[in-house]
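Okay, here's the structure, questions in a sec.
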Amino acid sequence: MTRSIRTHVLSDEAVAKLKTVSTATITSQLNKRGLRNTFLAGIYPLRPDLRMVGYAFTLRYIPAREDLADELYDNTRNVQRLAVEAIGPDDVLVIDARGEIAWGATLGNILGTRIKVRGAAGIVTDGALRDTPAFKEIDLPTYIRAPHATSSFVIHHPVEMQTPIGCAGVAVIPGDILVGDGEGVVAIPARMAEEVAHAAYEQERREEFIQQKIAGGASILGVYPPNEETLAEYEAWLQTNEQ
Amino acid sequence: MTRSIRTHVLSDEAVAKLKTVSTATITSQLNKRGLRNTFLAGIYPLRPDLRMVGYAFTLRYIPAREDLADELYDNTRNVQRLAVEAIGPDDVLVIDARGEIAWGATLGNILGTRIKVRGAAGIVTDGALRDTPAFKEIDLPTYIRAPHATSSFVIHHPVEMQTPIGCAGVAVIPGDILVGDGEGVVAIPARMAEEVAHAAYEQERREEFIQQKIAGGASILGVYPPNEETLAEYEAWLQTNEQ
Amino acid sequence: MTRSIRTHVLSDEAVAKLKTVSTATITSQLNKRGLRNTFLAGIYPLRPDLRMVGYAFTLRYIPAREDLADELYDNTRNVQRLAVEAIGPDDVLVIDARGEIAWGATLGNILGTRIKVRGAAGIVTDGALRDTPAFKEIDLPTYIRAPHATSSFVIHHPVEMQTPIGCAGVAVIPGDILVGDGEGVVAIPARMAEEVAHAAYEQERREEFIQQKIAGGASILGVYPPNEETLAEYEAWLQTNEQ
Amino acid sequence: MTRSIRTHVLSDEAVAKLKTVSTATITSQLNKRGLRNTFLAGIYPLRPDLRMVGYAFTLRYIPAREDLADELYDNTRNVQRLAVEAIGPDDVLVIDARGEIAWGATLGNILGTRIKVRGAAGIVTDGALRDTPAFKEIDLPTYIRAPHATSSFVIHHPVEMQTPIGCAGVAVIPGDILVGDGEGVVAIPARMAEEVAHAAYEQERREEFIQQKIAGGASILGVYPPNEETLAEYEAWLQTNEQ
Amino acid sequence: MTRSIRTHVLSDEAVAKLKTVSTATITSQLNKRGLRNTFLAGIYPLRPDLRMVGYAFTLRYIPAREDLADELYDNTRNVQRLAVEAIGPDDVLVIDARGEIAWGATLGNILGTRIKVRGAAGIVTDGALRDTPAFKEIDLPTYIRAPHATSSFVIHHPVEMQTPIGCAGVAVIPGDILVGDGEGVVAIPARMAEEVAHAAYEQERREEFIQQKIAGGASILGVYPPNEETLAEYEAWLQTNEQ
Amino acid sequence: MTRSIRTHVLSDEAVAKLKTVSTATITSQLNKRGLRNTFLAGIYPLRPDLRMVGYAFTLRYIPAREDLADELYDNTRNVQRLAVEAIGPDDVLVIDARGEIAWGATLGNILGTRIKVRGAAGIVTDGALRDTPAFKEIDLPTYIRAPHATSSFVIHHPVEMQTPIGCAGVAVIPGDILVGDGEGVVAIPARMAEEVAHAAYEQERREEFIQQKIAGGASILGVYPPNEETLAEYEAWLQTNEQ
């Protein structure tokens, strides 16, 4: 498969909600559904001011081998280049770079610009990007483990796109929903994402109420987690604050 | 012990001085007193603009085990929650998380808010915090190894508070004085802290003088470390600049 | 050797060009010349706003041993101090600290100030610096693996200056040209640096053109890497934009 | 608590069975009961020829601090020494050394001999032991992360015995059953251990049958995991091979 | 692809030679052909007494996700089980486990037995195996990073077989020739393997001669690497020792 | 300096004693003299059956750089080869390989044979050796961090011999005494070694007595460390067992 994958399409409302809730809240919802390992550990945003929501478009690298290098200079055979020209609007390019950050990057800012122009929603890798100062100027959410100035072909060889991968210790299946905030990135299984979006939004409303009580001096006892009294209070608050 | 511990109470003057001196200067004073390992390595401030001075209130986690999880939902048995409701003004919550940052956090921003409201002076962990974007909005010094969106109970089980712990490679005894700046956190043994505060302050005055000479073009020879002539010059400068 | 080393002196034009091109572009030029390992991995700038170009002045540390500590208090025998007083204008102090960041720093801000006053172009280490908040106030490019408040003598013993070293996984020979930007630091072998400076500058002009085309909606096919048509277009653009 | 802890005492039959089943089989039984993290990762046996079964007797170390060192020379105050004289028959000393193997050991062979004489069933640490060549001569199962010749007091300070700890990434509660074979060590929660012992023994009988079929040329289909036909065959085999 | 892959079939003579030459010699031959990264770093043989030569049969794991676990219990859908029943004589199963050794294994001894019965030449993984004591009893070369008693499904999810993978930092393409000795494993690109086999054999004959000279007291000057005189001597020796 | 260095020559008796005492005992003697970091962490013997005592002959590698490779093929310029032909009887070759074990070795068995023939006492590196199966056949103590089949020139470039280095985290000065046993290697500063040899021997006699008491059932109280009574008993035992 070499195109965008949408095993489940999110409603506009779900997308809007996922753009406001934190990745922390989303992991709580996924925990409730039995998933414990959904946050991509050890990567950080180059643009913490931007929010990211999109569909996983995966790309997998293996260690470079010198006799395979020829095809990397041919845009019609280099899988990385094919992926860049296949990615579509609202896709997030997720690159499995085996956590490699010592010898080279996975991509630079010219390809990053092309990805942006094609309408993608972001780039995520457990390896490095190069040209990171320039990447900070592109309005595209990007998440990396480290910067590295050296070209990807020194250490990586792209082999596949749109197959299941591991990235930063987490399974990512093409079409999964990736959400990013200033903390990092969470991968939501495609079939759960609509439901999680709404539930996370509800959870954050309740936690906003709880947070206000705590900030106002309440003990956590009976409040966090909320007992029945607090929940009733919340319901009342909700009606008052509802638009 | 489940309350604030003050084996030695600092004078107001010492607290004020510790808020101005650098952690680097404090480690030098501790080195002079024979302590070589007092700086918590590999953690960084979420709020480098804030200074932290407070008494260590320790909390210890072990790896989570599924059959122990029940008590985590009960605020009267979960040691983490008991600690949050036991911490007092000027305490620094120090969490021994075994350096774990791959699978989950140690605490989130609702508990962080409660800790702030209770008057605590800061939070320090060699693990992760979650809701770090929200934490940056709380006026509370926080020091972490990494952000992680996932709840603590996935990987951690709190077992004890106010016992001696290791945190980021350093021994922390309840009641020790923890000082934080933009560089990180240093742990001062309680019984030395008053003396160290004054000595560090004096050292910084002298180094301010030295720094001015160096910035003005002096060689380090005879100046850093200072010989007798430079020390005499410093004494004169001190009298001129004394208020 | 205990003075600045200039096996090859850069022209003013080359220096000026190296101050504008990215470390990413320089690694590409070095790759073309057969060098794959020239970017110092895992270190970051304390001052990402400053550009660095200078000649490598190397300093090598070994693990501290208590019976060797005496000479560290003597500026006429401590190799670190001798290096600080030997470094000259446009030199970059590069410290091989074996990647150690857990137990202490390599240098603090008073020595950093002296290095700045002597006209040096920057400081690079694969270990830590102390007084990093103060370092951020000195207008000197500095690249480190981590901050650490503790004095260097706790863990390091300086043994040599101006010999070949490894730093952050890369060979650095005295007199090599070190270039730093917001991404990090690249080491250019002295004899290649003049040529690389000009070639990198040319490459960036061409990539500026390519980047504009990509940003304007062009596919990478035929454009990146450029085919003959694109190259011809570039030549035309170059004449139009030439001053 | 400073004595052996037996929250649940194993029957002789359970002990005998635990001495024959593999740690792999035990983790399978614990997985079935919802526990996924019970094998102490990254440690190995100094004596792979010995089997270990015993009750966890825990000991916890924090990083050494020079001003606390005095008590280490006093057998009536040093918690490590108190633990050695408190450990009883069939106990396994489990030392939380925070995974530290770079700077010193946790114990040497004279204390190891005393532990053996007191009837203990083994020693387990996620740190180092010293005198490992001598340890190989003691008939006591020992599991370590690495050897290190240096005395524990250089890097460790013992603070507590018989409290819950983490060791090699796994929760260990005093009284838990620790089982070791040539592969490593598994920690069984005390209240499950009797049941797990019997179930593991049954599992291994079935797997012995399956293994024989596979070794004889059977496909895994229908055999591993076994379908009803295979299970019926197994029951027949069991009766034939029963004593 | 779910069967053995033979892009290039080795002659019997080449197989025989590869069984005698060291992995060190093979990497030298690959270096001469421009390949620098062919030895799988950080893995070791469970059976250092056995030699391994075979064709790469690859299997790729990603991090486990709880909602995907169902298929793991179905031998007709679990890719790991399909691979075990697809592997053929002289294949080497090479498992990309992302270097994971902290949470679980990749395979146990029942599947290992089946692999052996099917005629496979070995098993290689950059993760763990379980039942390693039992594996040592199977006459099958196995190479691992560490033992771990826990079942693979706790941390791994198999997704593909017979696609290019990275294993222990090295590219492995299905059909590549894997050679193992007491030092470890080298991956030879399929199309080079026949030639490398013969060249490695020749190199070892020459080095046997050199080794004898060195052992007999010769300096390395002129001998290693050999000058013309030594080469002539070698040619003479060769004729004398030829059968 | 390119020859064996003997800043202090050991007496025959000291050499003989150092061949019997453990590295653990030696570190204790060095601790008493204020040295805490003398054991080379994380390396292991290829030949645990052999004891090693010799004088440090150091060799330092930096990361390889392609444009420096030419000199590696010239035995008159390659510092590694010069070192092999300069090392003398009772020297121990100690190679600073920066802990690198992922990309290549530091030396192979032909050079190892030459080192043996020249009378050297051993080889120690914090990197890898290649041809480790063959090394096990040479009667030469060798200590490594890992095996790696690939030639050193892929990742290392030798630059200096007989200068102070760090190896496995420990300072090694040319002429230091290196002692190795089945546990690993300790570096003794040259000027202390004679004294340490005798003191370690005495310590082991006393500990032999203590060990016998402990093995016979004595508590550690009053025995380890010994009180006056035990010391008197020891003196008596000593006279009885003296020859």
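Letters A, B, C, D, E and F mark the chains as written, and numbering starts fresh at 1 in each.
Criterion: a residue touches a chain if its C-beta (ideal position, glycine included) is under 8 Å from a C-beta of that chain, and two chains touch if they have at least 3 such contacts.
Since this is a predicted model, take the numbers as computed values, not measurements.
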Third chains touching both subunit F and subunit E: D
Maximum centroid distance from subunit D, chain identifier (CA atoms): C
Most distant chain from subunit B, judged by the mean position of its C-alpha atoms: E
Same or different contact residues where subunit B meets its copy subunit A, judged by the half mark: different
Gap in Å, rounded to a whole number, between the CA centres of subunit D and subunit C: 50
Inter-centroid spacing, subunit F versus subunit C (mean Cα positions, whole Å): 36
Interchain centroid distance [CA atoms averaged], subunit B/subunit F, Å: 40
Rounded Å distance, subunit D centre to subunit E centre (Cα mean): 33
Residues of subunit E whose C-beta touches two or more other chains: 36-37, 169
Which pairs of chains touch, using the document's own definition: A-B, A-C, A-E, B-C, B-D, C-F, D-E, D-F, E-F
Sites on subunit D touched by subunit E in the complex: 22-24, 26-28, 31, 36-39, 41-42, 44, 48, 169, 181-184, 186, 207, 210-211, 214-215, 217, 219-221, 224-225
Subunit E partner contacts - residues on subunit F that touch it in the complex: 73, 75-76, 81, 84-85, 101-103, 105, 108-111, 113-114, 117, 130-134, 146-151, 154
Residues of subunit A touching subunit E in the complex: 33-37, 61-68, 98-99, 157, 159-160, 163-166, 169-172, 189, 192
